[in-house]
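Dropping the structure in here first, questions after.
Here the chain labels run A, B and C in written order, and each chain numbers its own residues starting at 1.
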Amino acid sequence: MTWIGTWLRNIGAGALRVADEVGGILLLTWMVLRALIPPKIDWRELVKNLYKMGNRSVPIVVLTAFFAGGLMTLQTGPFVKKFGAQALAGWGAGYAVLREIGPILIALMFSGRVGANNTAELSTMTVTEQLDGLRALAIDPVRFLVVPRVISMIVMLVALTVIGDLVALTGASIVGRAMLDIEWATMFHSFADNLKPYDFLHGVYKSIAFGGAIAVTSCYFGVTVRGGAVGVGKAVNAAVVAAAVSIMLLDFFLTYTTG
Amino acid sequence: MKKLITGIGAGLVDASRSAVELWLVYVGTIAGIVRGRRGGRPKGEIMRQMYAIGNRSLIFIVVTLGFIGMVMTYEACLQLQRVGIADYSQVGMQYIKLIVTDFGPTLTAMMLATRVGAGIAAEIGSMKVTEQVDALRMSGVLPIDYLIVPRFLASLVMTLVLTTIGGSVMYAAGGLTAQYSFGVNPSLFFDLHLLRSRHLILMLVKAVSYGAAIPVVAGFCGLRARGSSEGVGWATTAAVIGSSFAVIVLDFVISAAALFVTGGDL
Amino acid sequence: MSVEPAGTAIRLRNVRKSYGRHDVLAGVSLDVPRGGRLGLIGPAASGKSVICKLVCGLEQPDRGEVEVLGESVVGKREVQLGDLRQRIGMLFQNYALFDFLTVAGNVAFPLEQRGGMAVGAIAERVATRLRAVGLAGSEGKLTGELSGGMKKRVGIARATVADAELVIYDEPTAGLDPVTTQKIYDLLAADQQRTGATVLAVSSDVVALAKFVDEIAFLYHGHIVYRGPAATIADAPDPLVRQFVRGELEGPLEERRA
């Protein structure tokens, strides 16, 4: 019977750890929000981060979005063709992309590219005691480091989602034309007819939430790292996992509450 | 303008060199499997890796796929409602087909690319920067055999297992959503009769491909880590993106191939 | 594996190695006779560790020859170097202990990989080695529980457990107090007496090193600029060496041009 005891103890310990992390993340969120009022932000840090995060992620997001859009057409296209409903081809691929696949996939890629990198940077800074150094100079690390990164990540993710959505729709059209012989015009008309602006906005709202989640989780795990190189690896690992879970949870809540 | 072109050119050269090295790691992994224990792999390492990959990702997969299953079903039914087709009978049948042929393996793999990919790169990366990989080589051990092969084999098995579990969770969660939000009768939703063996084969092919790609990409990134903690962070980042991207590209390629082979009728 | 006719353990000829645009080694030539003990000194980042890695085949030179124990290591693939490496023992600068194994596991590792020894015999050899380095009874500890000096000693035990023909020590006493430093060098000397192995030792502690090795070579700006007996290193004819060894601020030594 002892293995049940061990198993329960592990679950308990795991649950406590998760609770600890969630608490810490919420606390950091609160600290970030508080630091925004009044908005005294280090503009140089903000611009630097915007540039860094946006620039770096455009190629990978564009590629991912292209393939994702193509995939959606591959999935829904044959189904649509079978029923001769060519006109709905854009609908099938389109709404999935704009409302779900686009924001989620782009957010996941962003989490991997920018979020993980951010955690790695902040962890290295923590491990080399630079954060303590900042505090010794009476600079609040949250205001100086975390807030600009959070803002940059949200802004960038929204921009990337918009770009990504467009690229995905393009990818969907190209695949539709090349592999399923669906004409451009048909695709575009079905986009225009079946997709409402709200579908697009819905995806954008989600990306704001995703951006915030990725930003706060990546910063949290960055500044709470312990141990040298091994600790940094674990922090990045934890950060991407937490971001992925948050994305899924937020998606769920947002879909249900904002339809 | 010239700077842009040289920049792109350099980027392409870099990318192709990396692609070649990645391919060599893959070939090395297969060679390592064929070589068996002679490469120095410790006993029981495969089981240990299966535990690390499988057991510890289980809750993560169940939670994430459960939620996304609910969302997808909700969206699908919502759209049907909006377009005016109040007939939800098709939803369950199409849903399971989509889960088996695409979303089950792909979403599971995307989640695993994050968790397992990062984990493998972090472990191997920190070993590389603390020179443990060099120390292994000094004892006549091949790093690919010792570090990547066990994870590779474990991942093949576990990805398939987790795909099955994840897909089932997605399906069940979808059914619950359909019932509670749209009043769809469970017996109407949980209808498997559209499923054919070729769908299951497709799922198998995808799950195994993803299971192969993730540890190879992540191990490759880990072995290339340089410097100290920064290098490990960078390697982990690269592994997450690389394996996620590999999954997406493989999904696309396999789906397109499947469409081609079955003549456009899946 | 009969004794090679040539009495040279290590032979480097015109070795060049660059990392990016940084030329670390710009034409290094070096000979170490079998059973000889050579110390390697030089300013920080002069490439001493790089030479150690080249000798083990862990890195490949851009140009030049590297011959170790009668075999060339240039152009060889990993698989081909396995046999040679089992005749070499290396102590890494940062110990490179396997943190997923215990102390005993670490020391036993080279023996296990080589194969051909019974489990009991391996355990006995490990225990003997650990006793020799003063760590008897620490078999079950994990690397996280060890102090810096203890980790160094485990590293030494691992490097010498297989009675290698060539042993390379990369900074064996860095960061250790003077008494421990002397103990370590006594250990290394006793070991070398026992096995007659060739030794290449890199160190920043020139005084202690000089008591252990026969000759010292000075690596400066990518070249070996001096090589002479260890006993008289402080009075070497070359002013660069004199300044370095005596730790004087004034003299011909310059910062490395990047």
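Quick note on the criterion: a residue touches a chain if its C-beta (ideal position, glycine included) is under 8 Å from a C-beta of that chain, and two chains touch if they have at least 3 such contacts.
Here the structure is a predicted model, which means the values were calculated and not measured.
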Computed over C-alpha atoms, the centroid farthest from that of subunit A is that of chain C
Leading chain pair when contacts are tallied as C-beta pairs: A-B
Comparing each chain's Cα average against the average over all protein Cα atoms, the nearest is chain B
Approximately how many whole Å separate the CA-defined centres of subunit B and subunit C? 43
Take the average of all CA coordinates in subunit A, do the same for subunit C, and state the distance between these two points in whole angstrom. 48
From the mean C-alpha coordinate of subunit A to that of subunit B, what's the distance rounded to whole Å? 18
Quick check on subunit B: which residues sit in contact with 2+ other chains? 130
At least two other chains touched by the same residue of subunit C: list those residues. 99
Check each residue of subunit A and list the ones that touch at least two other chains. 230
In their shared complex, at which residues does subunit B touch subunit C? 40, 130-132, 134-142
In their complex, what parts of subunit B are in touch with subunit A? 60, 63-64, 67-68, 70-72, 74-75, 78-79, 83, 94, 98, 102, 110-111, 113-115, 118-119, 121-123, 125-126, 129-130, 228-237, 240-241, 244-245, 248-249, 251-252, 255-256, 259, 264-266
Could you please specify the touching residues of subunit C with respect to subunit B in the complex? 53, 56, 58, 78-79, 81-83, 85-86, 88-90, 92-94, 96-99, 109-110, 113-114
Which of the residues in subunit A end up touching subunit B in this complex? 60, 63-64, 67-68, 70-71, 74-75, 78-79, 81-82, 91, 95-96, 99-100, 104-105, 108-109, 111-113, 116-117, 119-121, 123-124, 127-128, 179-180, 194, 228-234, 236-237, 240-241, 244-245, 248-249, 251-252, 255-256, 259
